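Note that the chains take the letters A, B, C, D and E in the order they are written out, and that residue 1 is the start of every chain.
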Amino acid sequence: MIVRPRLSSLRLLFVVRGTILPRVLPHVLGIAALSALVVWAYRQGYLDLQISSPAPLSLLGIALSIFLGFRNNACYDRWWEARKHWGALIIELRSFSHEAIALLGDDSSGAKEAARRLARRNIAFAHAMVAHLRGNDAREDISRLLPEPEASRVLASQNRPNALLREHDRELATLLREKHLTDITWSELRTHVHGLMNVLSACERIRFTPLPFTYTVLLHRTAYLFCLLLPFGLAEALGWFTPWLAAMIAYTFFGLDRLSDELEEPFGTEPNDLSLLAMARSVEMNLMEALGEPQPEPLKPRDFVLP
Amino acid sequence: MIVRPRLSSLRLLFVVRGTILPRVLPHVLGIAALSALVVWAYRQGYLDLQISSPAPLSLLGIALSIFLGFRNNACYDRWWEARKHWGALIIELRSFSHEAIALLGDDSSGAKEAARRLARRNIAFAHAMVAHLRGNDAREDISRLLPEPEASRVLASQNRPNALLREHDRELATLLREKHLTDITWSELRTHVHGLMNVLSACERIRFTPLPFTYTVLLHRTAYLFCLLLPFGLAEALGWFTPWLAAMIAYTFFGLDRLSDELEEPFGTEPNDLSLLAMARSVEMNLMEALGEPQPEPLKPRDFVLP
Amino acid sequence: MIVRPRLSSLRLLFVVRGTILPRVLPHVLGIAALSALVVWAYRQGYLDLQISSPAPLSLLGIALSIFLGFRNNACYDRWWEARKHWGALIIELRSFSHEAIALLGDDSSGAKEAARRLARRNIAFAHAMVAHLRGNDAREDISRLLPEPEASRVLASQNRPNALLREHDRELATLLREKHLTDITWSELRTHVHGLMNVLSACERIRFTPLPFTYTVLLHRTAYLFCLLLPFGLAEALGWFTPWLAAMIAYTFFGLDRLSDELEEPFGTEPNDLSLLAMARSVEMNLMEALGEPQPEPLKPRDFVLP
Amino acid sequence: MIVRPRLSSLRLLFVVRGTILPRVLPHVLGIAALSALVVWAYRQGYLDLQISSPAPLSLLGIALSIFLGFRNNACYDRWWEARKHWGALIIELRSFSHEAIALLGDDSSGAKEAARRLARRNIAFAHAMVAHLRGNDAREDISRLLPEPEASRVLASQNRPNALLREHDRELATLLREKHLTDITWSELRTHVHGLMNVLSACERIRFTPLPFTYTVLLHRTAYLFCLLLPFGLAEALGWFTPWLAAMIAYTFFGLDRLSDELEEPFGTEPNDLSLLAMARSVEMNLMEALGEPQPEPLKPRDFVLP
Amino acid sequence: MIVRPRLSSLRLLFVVRGTILPRVLPHVLGIAALSALVVWAYRQGYLDLQISSPAPLSLLGIALSIFLGFRNNACYDRWWEARKHWGALIIELRSFSHEAIALLGDDSSGAKEAARRLARRNIAFAHAMVAHLRGNDAREDISRLLPEPEASRVLASQNRPNALLREHDRELATLLREKHLTDITWSELRTHVHGLMNVLSACERIRFTPLPFTYTVLLHRTAYLFCLLLPFGLAEALGWFTPWLAAMIAYTFFGLDRLSDELEEPFGTEPNDLSLLAMARSVEMNLMEALGEPQPEPLKPRDFVLP
C-alpha cells in the first residue's frame, strides 16, 4: 500500500513514483505518436479522412467510460472488501486472545499455558494467512510460534490456516472436557474460531475468483481499439492538438484499466495492494503486548510503500 | 469459471478462447455488412440519407449505455452474491465438521461415529447442492457417502439438500437427547444447520428468480434496434469508417448484453459460471483431511475453464 | 413472475407476451404520429423550426437517462429486497419446523402434537402473508390449517400474520413452562419467531412505503415532456427518420418508467411481480413432507406467468 | 408521506398537490423569463452572443446531472435507511412485547404486571422517538402510559428514549434478580433493549448528521449558475424555443435539488417525510391488541399526506 | 462538521464560510485568467486555434465526470461508514453501561463499584478513541476517569483504546470468577466489548488505509490537465464567454476533487470532518446521567463548525 503524506495540488501533478504513469507511459506515447503520424499524413494529403464529425466517436467513448467506471467500481469494492476482512481478522485475533487470557490466564492449573498457546497460535494464523494468500511459505513463523508436534501437523496440511483453526477447535474442546471452560465460555470463544473461518473463506473467495475473464477482455479490448481509432476521428477537428488530447484520453483510460487490474487482486505485492505484512506484524505486536512478551518493531514503509 | 494466468496487454487484445467474441461475432459481422451496404448505397445515390447530425443517435446510445450498465451491474451482483453464498457454504461445512469432530470425536461411545456421519453428510450436502442447482443427479455421491437407509430417504425427496438438513437436525436432536451434547453445544452446532439452510434458500432464490423478463427484453431489443439504425446515422458523417465504428459499438453492446445473460445465471455450466464442481471437490478434500481419510485430487481446469 | 425458457436473440426481438410493449404502445405510437405531423408541417412550411442543433435536447435526454436509471435501480432494489425477505421467510419456516419436529417429535407426551401444530401454523403463516400483502382473505387456509379456537382468534385480528406469531410465542412459552423445552432450546426456537417478525415488518415496509411520490411524478413528467419536445428538436436534422428514432427513444423511456412502476410494488399480481402463491405452495410442500403428510402439487406457470 | 392511489399516466402529468412544483415554480418561471428576455435582446441586436455551439454547456450540464444524481442517491439512501430503522423499531417493539407477555403474562405473581409495564413502556418509547426526532414534547403520552414516579424520572432526562431504555434495563435486572426470568430468558429479552438502542442511535445519526454542507452548497450553486447561463447558450441555437427548454431543464434540476433536500431529513414534517406519527399509532394498536386493551383508531391521511 | 440552520436558496448561492470556495478560488481564478489570455491572443491573431469542434473535449469531460463521481461516492461512503461506526460506538457504550449498572449496581458487595468502573472506563474509551484517531494525547481524560494503577497501565500502551478493552476483559473475567456474574450475564456483557473492538478496528481501517494513491493522483491530474486545456478548446466557440464557463467548470471539478479529499479522511479536524469531540462529550453526558453524577455541558458549534 502506498503511504504518503498528503501532497500539495501542484506536487500531485508531477509525482511519478507510486503512480500508474510508468506502466502506461509506453502505450500513451504510442497513441501520441500514432496521432502525430495521422495528422501529418492528413495534412500532407496522404490520408483522406472522411470523418466530418467526432460525435460518433464520442458516443463510443462515453459508453466506454460508463462501463470502465462500473468495472473500476467492482474492483475497488473487492479491494475494500478484502481490507474489511483483514479488519475482521484483527478484531477476532485481538478479541479472542484478550478473552482467552482473561478467562484462563489466572488459573494456577495448565489452563494458563493453554491461553498462551491460543494467543501464539493466533499470531501464527495471521502469518499463515499472508503466506496462504501470497503463495509464500510461512514455515519459519509457524515453527517459531507453535510447539511440536503441532507445528509439523500444521505444516503437513495444504491449507495451513484451516489446519490452525482445527487445532484451535481441538484445544477448546479439550478445555471444555477438562472443565476449564463451561459450555457458555467455550461457546463464546468458539465464536471467534468461526469468525476466523469466515475471514479465511472470504479471502480465498477474493483471491481465487477473479472478475469474469470475459468482462476484463471486453473492456480492455474496447479501450485499446477506441484509443487507436481516436487519432483518425480527431485529426480533422483538432489538427496538431490531436496528439495532446489523444494522449490525455489514453492516459485516463489505460490508467484506469490498469489500476482496476491491480485492485482486482488486493492480496498481491504490487504498490497498491494491501499491506498484509504490516498488518500481520501489528497483530503480533498487539498480542505480544497482551501476553506481556517483548514486541517486534512495526514495519516501516520503504519508498512510500508498506509491504 | 475461466482461470488464466494474467496475459500481457497485447495478448489480451487477441485472445479468443474464453471470451464472448465467438458468440457475438455473427451479429457484429452482420452490422458491419449492413453498414458497408448502406455506405455503398448512399455513395451510389440509391439511398437518400436526410440525417444531417449523428447527435440524436448519440443521445439514444448514451441512454442505452446507462441502462445496459445498470443491468450489467445487477447481473454481476447476482454472480458475486452467488459466489458469496458458496463461500458461506464452505465456511459452514468446514466449521461445522471441525466442531463436531472436536466435540464428539474423542468419545469412546457411539458419538464418535456420529461426528463422522455429520462430516460425511456435509460432503454429501456440497455435492447435492451442485446437483440441485445444475439439475443433475447426485445419486452416486449420496449413495457413496451416506449409510442406508438414510441414503434412500434422501434420494426419495424432491429437494435433496433440504432432506439432508432434516437428517442433520434429527441426528443432533438424538445426540442432545442421549446427552452427548448439552443444550449449549447442541445449539452451537445447530447454528451451522441454520447457516446451511440459509445458503440453500439464497441459492434457490438466485437460481429460480431471474431478472425481470421485461427488463431483459427491453434492453436486448433497444440494443439491437440501435445497432441496426447506426449505419444510417453514421454513413454520411463517417463514410467508409462506418463499418469499423459500427462493428466496434455493436461488439461492445452485444458483448455486454450477452455477458450479462451469462452472469445472470451463475450456477450453469457456461465458461463464466461459477466452478461449483471444483468447490465441492475442495470441500471434500478439507473434510476428508479433517476425518483423517484419503483425499481426492483437486479438479484441474480444462482449456482454462474450471467446471 | 414471468418464467420463460431462454429465447434466442432473434425471438427476443419479436416476443410480445410478457413484455411491456402492449402497455406503452399507444404512447409510443402517439409520439410517432406527432413526429410525422411535425415533419410534414415543417416540410410544407407550415412550421418554422428555429432549432439549429439537437445538442440542447441531448443534454436534457442524457440528464433524464441518468435520473431514470437511478429510479429504476431503486425500484429494482425494492423488488430484489422483497424477494430476499421471502427467501428468509422460507429459511425460517423450514428451519423452525425441522427443528421443532426434531426436538419435540419423538416425545411420547403431548409435545409431539405441539410440534405438528407449530409446523402447520408455519404453513398458515406463509398463506397469511400472501393475503396480507395482496389484500386478500386467507380465511380458508387458516381455517384448514389451524384448530379452533385458535383459527377464530387469528381471524379476528386485523394483522393476521402478527397474530400467528403471537400464537407461536404463546405455544413456545407453554412448552418452556411445561419443561418440554429447556430455556436454551426455547431460545433457539424463539429466534425463528423473531426472524419471521423481521420478514413481516420488512414486507410491510416495502408494501406500504412507496418511493417518494414527488420523485415518481418528477421523472414521469419530464420523460413525457421530453418525448413531446423530441419531434420539434429532431425534425430538421433527421427528416423522415424522426418518427422512427422518436418512437425508439419513447419506447425505451416509457418502457423503463412503466417497468419501474411495476417493480416498485413487488407484491402485486402484475406479470413482473413476485410469485408469492407459488412460494407459499412450495413452503407447504416442504413442510408437509417434513410432517410426513400428503403434499399438494406445485403451482404451474400459466402463459409463462407464475402467480 | 404522500399516499395516493396510483394515478393514470395522464393525470400524473397534471397533478400539482403533493409535488415539488409549487415550490420550484418561481425559480422555473424566473429562468423562463430570463430566457425570453435574452432571446428578445438577441433578436433585436442588443446582445451579441458569440456562442456558436451549445456543446460546452452540454458538458457542464451532463457533469452536473451525474453529480446531482449521486447526491440524490445519497439522500434517498438516508430516507430509506431511516425507514428501515423504523421498521426495526416496529419489529423489536412487537417481538419484545409478545415475548414478555408470553413469558411472564401467565404468572400469578407480580410478574404479570411487569409484562404489562414493559409493553406499555414500549408504546411510550415509540411516541418518545417521534418527539425526540421532531423536536416535540412527548409529555402527554409518557404521562398517560407510564406510572409515577417513572414518568417523572423519564421526563427529567434530556434524552427520553434513552431514559426509557434505562428503565427497561432496570426492570429486566429486577425480574432476573427475583427469579421471574432465568439468565437465558433475561438475555433473550435484553436483546430487544439492545435492538432498540440500535434504532435510537441510528436515527440520531441520520437526524443530526446532515450530508456534508459543502456538498449541498457546491451542487446547489452549480445548478443555479448553470440554469442562469443556459439562455445565453441556447438563444442562438433554439430561438423562441429557448424559454420552453430552459424551463424544463430548470424544473428537472431544481426539482431534484429540492427533493434531495427533503429526503435528506426524513424525520421532518414535509410532505415527503416519513409518517412517524402513523407508525407510532400502528405500534400502539398492535401492542394494545396484544395486551387485550382497547385500541386507538389508525391515523388517516389528510390531503393524501400521512403525518 | 458544519452545522447550519437551513439557508434559503438565495443565501446558499452567496454563502462563503464553511464552503470549499476559499480553497479552490485561486485555482479557479487561474483558469479564468488563462482563458482570458487565450481568447485575447486568439482574437489578436497571436494564437492559431485549429480546434473546430469542442466535442472531443466534451468526451474527456464527461469521462472525467463519471470517474470523479465514482471517487466522490467512494469517499462519501468512507465518511458515512465512519459515522456509522461512531454510532455503533455510542450504542455499545450506552448499552454496556446501562446493562452493567442494572445488573451489578444494586449489589451491596464490591460489584457496585465495578459497575461504576466499567461505565467510567467506557467514557475514557470514547475520549481515547478521539485521541487515537486524531493523533492527540488523551492523557488528561484517562487520568481523570481511571483509578491508578490502571491509568498508568493504559497510558503505557501504544494502542490505548485496545488497552482499555483489555482492562474491560480482565474486570469481567474477575466478576465471573467471583460469581457476581453467571456465565450467561458475563457473555452478554462481553458482547459489548467485542462490539467496541469492532468499532476500534473499523476506525483504524478507515484512518490508516487511504483510497489507493494512484486513483487520487490519476483523477487529480486529469482534472487539472482538462481544465488547462479547456480555454483552448472553448475560445473559438464561446469567445469572451470562455472565462465564465471555464471558471464554472473548474469550480465544479476542483471543488468536488477537494471535497473528496476531505471526506476521504473523516476523522481529521477540517470543517467537513466528523465532530468526534462533540460525540465523545455526548457519550460522557449520557453515562454520567446513568451514573447519577454531574454532567458536563454539551459542546457548541463555533462559526457553525462542531469540532
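Convention: a residue touches a chain if its C-beta (ideal position, glycine included) is under 8 Å from a C-beta of that chain, and two chains touch if they have at least 3 such contacts.
Owing to the predicted nature of the structure, the values given are computational and were not obtained by experimental measurement.
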item	value
Angle (degrees, nearest 5) of the CA superposition of subunit A onto subunit E	70
Subunit C against subunit B, contact positions shared by both copies (same if over half, else different)	different
Computed distance of Cα centres, subunit E from subunit D, in Å	23
Interchain centroid distance [CA atoms averaged], subunit B/subunit E, Å	38
Per-residue multi-chain contacts in subunit C, two or more chains	53, 55, 57-58, 62, 64, 66, 69, 184, 187
Overall pattern in which the protein chains touch one another (line/ring/star/complete/other)	ring
Contact footprint of subunit D on subunit E as seen in their complex	1-4, 6, 9, 12-13, 15, 18-20, 53-55, 57-58, 61-62, 64-66, 69, 72-73, 76, 79-80, 83-84, 87-88, 90-91, 94-95, 98-99, 101-103, 106, 182, 184-185, 187-188, 233-234, 236-241, 244-245, 248-249, 251-253, 255-256, 259, 262-263, 271-272, 274, 285-286, 289-290
Subunit D-facing residues of subunit C, complex	27, 50-53, 55-60, 62-64, 66-67, 69-70, 74, 157-159, 162, 165-166, 169-170, 172-173, 176-177, 183-184, 186-187, 190, 193-194, 197-198, 200-202, 204-205, 209-210, 212-218, 220-222, 224-226, 229, 232, 261
